[in-house]
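Inspection log for the structure reproduced underneath, given as structure tokens.
Letters are used for the chains, namely A, B, C and D, taken in the order the chains are written, and counting of residues starts over at 1 for each.
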Amino acid sequence: MTLLNEHAPSAVHIGTDDLPWADIGDGNKLKVIQTKEREGLWIVENIFQNGYEVPTHKHTGPVWGYTRSGAWKYKEYDYVNRAGSFLYEPAGSVHTLMCIEDDTLVWFHMYGANLNLDADGNVESVIDGATTLAAYYALCDAQGLPRPRVLTD
Amino acid sequence: MTLLNEHAPSAVHIGTDDLPWADIGDGNKLKVIQTKEREGLWIVENIFQNGYEVPTHKHTGPVWGYTRSGAWKYKEYDYVNRAGSFLYEPAGSVHTLMCIEDDTLVWFHMYGANLNLDADGNVESVIDGATTLAAYYALCDAQGLPRPRVLTD
Amino acid sequence: MTLLNEHAPSAVHIGTDDLPWADIGDGNKLKVIQTKEREGLWIVENIFQNGYEVPTHKHTGPVWGYTRSGAWKYKEYDYVNRAGSFLYEPAGSVHTLMCIEDDTLVWFHMYGANLNLDADGNVESVIDGATTLAAYYALCDAQGLPRPRVLTD
Amino acid sequence: MTLLNEHAPSAVHIGTDDLPWADIGDGNKLKVIQTKEREGLWIVENIFQNGYEVPTHKHTGPVWGYTRSGAWKYKEYDYVNRAGSFLYEPAGSVHTLMCIEDDTLVWFHMYGANLNLDADGNVESVIDGATTLAAYYALCDAQGLPRPRVLTD
């Protein structure tokens, strides 16, 4: 019995220059690499500058962060993500991102939604793969960039 | 090279009478079978009576429904789930459950959260595995049932 | 901010008579309901007759079994799956299925592959969603059944 | 209704120097960062040297590769993974890794098993999170390194 099969799915490569960076303000940048809307999967890459913050949010699925350069942390914890750091954020975890060095480069591999919370824990807004992909396309359009070839299904 | 390994994880069986039904009102019932909080997984079984409704909600992860008896539907669709029906609800799907026959028995195999929405699409409340497990324990306590041995990790 | 979105994915229903049963010998039957080949997901329904066996196999992903009728067990454990039983088979678990009552009806919700093992733990063959879907199509063709509309992506 | 909850799971950070590199021969190195055996999840980091090869294998679950430095490719494809490359390997994909620059640093985020295949497509051996974790521990022991605090559950 052979497991070799001409119809097997192929691996898909996206090189570091294959997708444009969309500016999200003050030199912070976003790239959406892959979404599987029906799975709730979204994989993005960010460049953050010192002082950038992401509001307090709760994840409804697990998330992993792979940091390539710079430094960032969650206000709720002491540790700092630097080049080579691995971060596992279980479903249900809540935190507030703060970038503390310029040109911080991070891949986020995410399932589910970010529920952005106010100080009392109420949901103020919701971000997920579908809304982030739409925002990325709109930003690229507005910034005169070609429509990026994000990996979607 | 053998793949047999005395430390391999075991399969876990939960029989139909191993966990109590908690009454959630009007003869509708809930059983939480398994949660993996860090994965966002929650598997429940429900008994619904004719007329029971679940508010309009959006799923942040994929969900599957396996129906054993009775009849229920989503108001947004014409099809009816009956004994033997399979339902796939992708992440991002939105719908409003309505039970249309007594003693409707359904397993829901769910990832992520239910974002309960008002008529304008704002999040009114959020239900997930952790909150549902806590509710199940509290209902069992209040109803004089022993603490159920839900499969958690 | 509204979460209602006209482009949201829809829930998909497959009723108990929407897909044909393929005979796999001796009155045992198979229905493949959903595969997501790239995720490794495959969901099948089986009818097993008393005495049916599945060779010893190891799962490379997690599996859940939902039993609607009849009785079956794994030779490695004492418990018996009956109507209403829930079974969780973690990735890495190894077992040998044996049906002990006629007309046993089970949904299997599976990730990954079944590595079929010989007595020494060597891999004899591999079954997964793609091979099972191909077998289901071939059986339906051979048995004069119309090509089933399995949920695939 | 607040979603803030003192019992929420915490994010877990593993810094670039928190786990030792185990030598796997010829200056190639392995670090196992996280395994969830029951989910089939395993996340590793490798340092490969020019000329290193991984035998042809088929994945039973999806895999993602995040490359930090160096250059590597699959023999079956022309593209080259370099610093900043993203690679998506669907379940079912088959390929043969070849490193083409020294000090190539890659995170692999994997579900399921690697089925190592001979030229005819037969399974020669199987590698998964559990076997790789055991190998990592054994290599660390043999190389006089302290038992690494891999993230497991």
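FYI, a contact is a pair of C-beta atoms (placed from the backbone, for glycine too) under 8 Å apart; a residue touches a chain by one contact, two chains touch by 3 or more.
As the structure is a computational prediction, the values presented were derived from the model and not from experiment.
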**Study point:** Those chains which touch chain C and also touch chain B
**Key:** A, D
Review point. Over half of the interface residue numbers used by both chain A and chain B, so same, or under half, so different?
Key: same
Review point. Upon optimal superposition of chain A on chain D over Cα atoms, what rotation angle is obtained, reported to the nearest 5 degrees?
Key: 180
Check your understanding: Roughly how far is chain A from chain D, going centre to centre by Cα mean, in whole Å?
Key -> 21
Check your understanding: If you average the Cα atoms of chain C and of chain D to get two centres, how far apart are those centres in Å?
Key -> 29
Exercise for review: Just give me the whole-number Å value for how far the CA centre of chain A lies from that of chain C.
Suggested key: 34
Study note, to complete from the structure: Where chain A touches two or more other chains simultaneously, the residues are 1, 3, 5, 9, 37-39, 90-92, 115, 123, 126, 130
Point to revise | Footprint of chain D on chain C - complex, ascending | key: 37-40, 60-62, 90-92, 111-113, 115, 123, 126, 128, 130
Exercise for review: Would you pull the chain C residues touching chain B in the complex into a rising list?
Suggested key: 1-5, 8-16, 33-34, 43, 45, 58, 64, 66, 68, 74, 77, 79, 81-95, 107, 109, 115, 117, 120-123, 151
Review point. Quick one: in the complex, what on chain B touches chain D?
Key: 1, 3, 5, 7, 9, 37-39, 125-126, 130, 153
